[in-house]
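Going by the order they are written in, the chains are A, B, C and D; count residues from 1 in each one.
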Amino acid sequence: MHSKRFFTLSASCPDRVGIIARVSGFIAENKGWILESSYHSDDSNDETRYFMRLEVKADSLPFNLSEFRERFRPIAEEMQMDWKISDSAVKKRVVIMVSQQEHCLYDLLARWQSKELDIEIPCVISNHETFRGFVEWHGIPFHYVPVQADNKQAAYDEIQRLFEEARGDTMVLARYMQILSTELCHKFSEQIINIHHSFLPSFVGAKPYHQAYQRGVKLIGATCHYVTNELDQGPIIEQDVIRIDHSDSVDDMVRYGKDIEKAVLARGLRYHLEDRVLAHGKKTVVFR
Amino acid sequence: MHSKRFFTLSASCPDRVGIIARVSGFIAENKGWILESSYHSDDSNDETRYFMRLEVKADSLPFNLSEFRERFRPIAEEMQMDWKISDSAVKKRVVIMVSQQEHCLYDLLARWQSKELDIEIPCVISNHETFRGFVEWHGIPFHYVPVQADNKQAAYDEIQRLFEEARGDTMVLARYMQILSTELCHKFSEQIINIHHSFLPSFVGAKPYHQAYQRGVKLIGATCHYVTNELDQGPIIEQDVIRIDHSDSVDDMVRYGKDIEKAVLARGLRYHLEDRVLAHGKKTVVFR
Amino acid sequence: MHSKRFFTLSASCPDRVGIIARVSGFIAENKGWILESSYHSDDSNDETRYFMRLEVKADSLPFNLSEFRERFRPIAEEMQMDWKISDSAVKKRVVIMVSQQEHCLYDLLARWQSKELDIEIPCVISNHETFRGFVEWHGIPFHYVPVQADNKQAAYDEIQRLFEEARGDTMVLARYMQILSTELCHKFSEQIINIHHSFLPSFVGAKPYHQAYQRGVKLIGATCHYVTNELDQGPIIEQDVIRIDHSDSVDDMVRYGKDIEKAVLARGLRYHLEDRVLAHGKKTVVFR
Amino acid sequence: MHSKRFFTLSASCPDRVGIIARVSGFIAENKGWILESSYHSDDSNDETRYFMRLEVKADSLPFNLSEFRERFRPIAEEMQMDWKISDSAVKKRVVIMVSQQEHCLYDLLARWQSKELDIEIPCVISNHETFRGFVEWHGIPFHYVPVQADNKQAAYDEIQRLFEEARGDTMVLARYMQILSTELCHKFSEQIINIHHSFLPSFVGAKPYHQAYQRGVKLIGATCHYVTNELDQGPIIEQDVIRIDHSDSVDDMVRYGKDIEKAVLARGLRYHLEDRVLAHGKKTVVFR
């Protein structure tokens, strides 16, 4: 990470000879100073696909963000790229969803407060009033959106309205214990990040620590992933584990797990916000 | 671990007041010097169960192994214990089963050769001739027992015969790519140790690294467990993981995995040989 | 960890035959139900020393805390024990010292708020006003004690006065960037816990991440230890590391390091508060 | 890793605009298919330095290795590069140095035997006869070069002669317990790889596990580094750690340490052999 302002170009396209040359040639012609660049070729499917991410020093280029996009467009079209360019000076807008567990919320607000996460948090949404005081003390609006069996659609609609009103880029489910609607999952594909409290694909669904305890595993973990409408099946961004043993009860596992959950969520969210994560079917390329 | 000769008492029984006092009182009355002792109470089921393991310096006691057992028996019966006492001077007899992968075999023989693993290896059994020369060079008998679709029962019988002839205590499946018969699994319950090349319960069965690759996990692992007649469902003794990323192919994962497999197998086997593993239903207590 | 009320006996003494029998016999005579017990014999010095820790269910015993202590005293004296008995129903009083970094403070208050850490925090002391609002919002008194080159003794005196007034059991230096006086270190020996941002003994003193960056290490770490009057030399309670690589700047290392620091501090503090840490010269026994 | 034949270009040079464009442009003009590419800019010193590594599919290029080098030379000179190009079809020649510990030797030969490490081992050199039989059984020449206080120079000369006669690319000190001469260190700079049995910079020199035991650390480690004539101060290639606790004796630490040592050495050696390690003063860039 640099303190300098930079543009980030991330893209994927069918692999062929000359992609790097074409892209880096364009940057060089414009005297662009490349701060960091990463490339990956994936040949696991029939079509070999190419992934890339470049950071270019903003003031080394003779144009601004929109002109950068305009000039790059023909290359991107020629290469059939999925692509985007972002500006480090434009803070991402992250909406946090929370229920009644504190650890991920405290952790994210600590990182935001110290500018370690240099983002805007336009609001926090919860199905409980528990953290209203804490969130509002930080000067962040708090929205209570109850979710009950008989009002789910209305709740989903309200969440969507609030997210759009907040001009959110990313929605973080910070141990938000509700399942979102298929519609929300589709509408905000690769914009919603969840932290699941197991090392997926083990222990999908409810009470994963109880499942882990029953099975007698010797490590427990957490998984940060994009939300899709298949429960806990979205592309994995980051995972980690911690060692336990026979003396640890389910409560101990919950406690150890919280430390892994917040660390994994914070790392995964950062990768996402820095455009380091390129989804590829059910998997991700993460240019750490 | 001590260089001194010691007896190891390991036991489990229904929990009640006074178990430690009764057992350690008996040791103390006989002037026994306790080198190491571990206790665990498990209340996850209806019946709270108590587990223990003690190492007692052999020459501090006024009796030998068989008399130790004889004298301890009344206490064990009173407490309804599952129990055993072993002597560190009696080497365990470990039969290694192997197919065509070298890493676990080389690793185990290196540990045996340097006496890090202070065991007897009465023989190695394989369904391929690949490692005959290597094994025999170490002065260890090698038995080739082919396993084909039409001779499985005969192969199982031969394996059992060889294991019994060798007076084996423990059978180690060191990436032995065959499934044993239900009969063998039952007969040698908690005596057969397998290393599975995934972090169980994820990726049961064949080609776990391919499964892991398809799912896009960010860590891969290995699991050492007792073999039961449910495939990859036996009580877990030890597990570990290693980080991978999008740039790692299945071949890379296989390679990284081998390092985890041999380390996890060696640790799990050692725990087992030192009577540190007490199975408890589908789980284990491991007094590391 | 149990939800039940229990007494914790922790002790060390010269090793000899019959220690466990004597202690567990005493508990058993009184019908005490042992929930957890750990023993360790250390023969690294001339005198072999024995360490133990027992949790006994409070309502299984026929006496209260003070009578427990009274009755145990003769045994402790006979065995020449350093010992203490604590009651899980009496919350420990933890004074937090902080400067201008937020991560450990947010982390500790999150754990306190959710009762994961079931302690009293009678006050937070800082040499900066930065976190007054945050701390006071939680209903915890905040004391500003500036430390300048010309007022150090006065500052130390004030810290001691506040700690004693708060009837503190433990003082936590949660990235408190000041060195305490020799007098404080002695007076509150094994009561002051620090988190150092390196994997000690590497990179003692100031700017350890800069030192780590210069040396090109591939992992960075953090160390939780008791404070003594030798800088960063106190008995180590807990440590952990995280992987970095050549692409990580000092700022990245600081960021990664914060996650390790707060996790290691929280684990070490918990071990200390649960009387799991028995100092032994420059080392510790930690009955995890 | 690919099963395809490829050329690996690794280089470093002063950073400036257009380096990637120039290099990748040259590859593209020749229809070269880039399989993998990595770039890094290091601005920690006054001069910002650029590092790169590319794998190009051999049969996609219209020329062979020597012509590749010839054609690339002008670009390299223009950019003031330190550079090299290697061919995956030419096996590296690795000379192993060993004393009396078996674990790294068995580990390396297992990897060589299975072609996981696709190298030539022209010979093993040792200051003891211990492993002659084991090495020769594998069909590898074994040279006994005793090192005593009064013959050191002669021993160094003989080692150099054997290494040169074997046309060695890399010398691996696989727990070779002798210090090499300053002359050898200079002559084969960045060609000699050592495994040190501590997490450097902690515990330099002799008996690091004893040092770690005395200090009471909670993790122990190993470090793979290039040998320079400052003991244990060479550029670090790879490190790792494993958790221990108060119950582990020095012997236990030695045993745990062996598992880390062989794994770290194998990873570090592989990075080196694949030209993934670019030394940069006292540090390394490792394009994993």
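By definition in this document, a contact is a pair of C-beta atoms (placed from the backbone, for glycine too) under 8 Å apart; a residue touches a chain by one contact, two chains touch by 3 or more.
The shown structure was predicted, so the numbers you read here are calculated from the model rather than taken from an experiment.
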Angle, in degrees to the nearest 5, of the Cα rotation that carries chain B onto chain C: 180
Greatest separation from chain C - chain, by CA centre: D
Interface sides of chain A and chain D: same vs different residues, half threshold: same
Rounded Å distance between chain B and chain D, as computed from the means of their C-alpha atoms: 35
Multi-partner residues of chain D (at least 2 other chains): 36, 247, 249
Contact graph of the chains (line, ring, star, complete, other): complete
Chain A partner contacts - residues on chain D that touch it in the complex: 17-18, 20-22, 24-25, 27-29, 31-39, 41, 60, 243
Residues of chain A defined as touching chain B within the complex: 40, 42, 44, 199-203, 213-219, 221, 235-236, 238-241, 245-247, 249, 282-286, 288
Interface residues, chain C side, partner chain A - complex: 1-3, 36, 101-103, 106-107, 109-111, 113-114, 116, 133-134, 137, 247, 249, 251-252, 255, 258-259, 263, 266
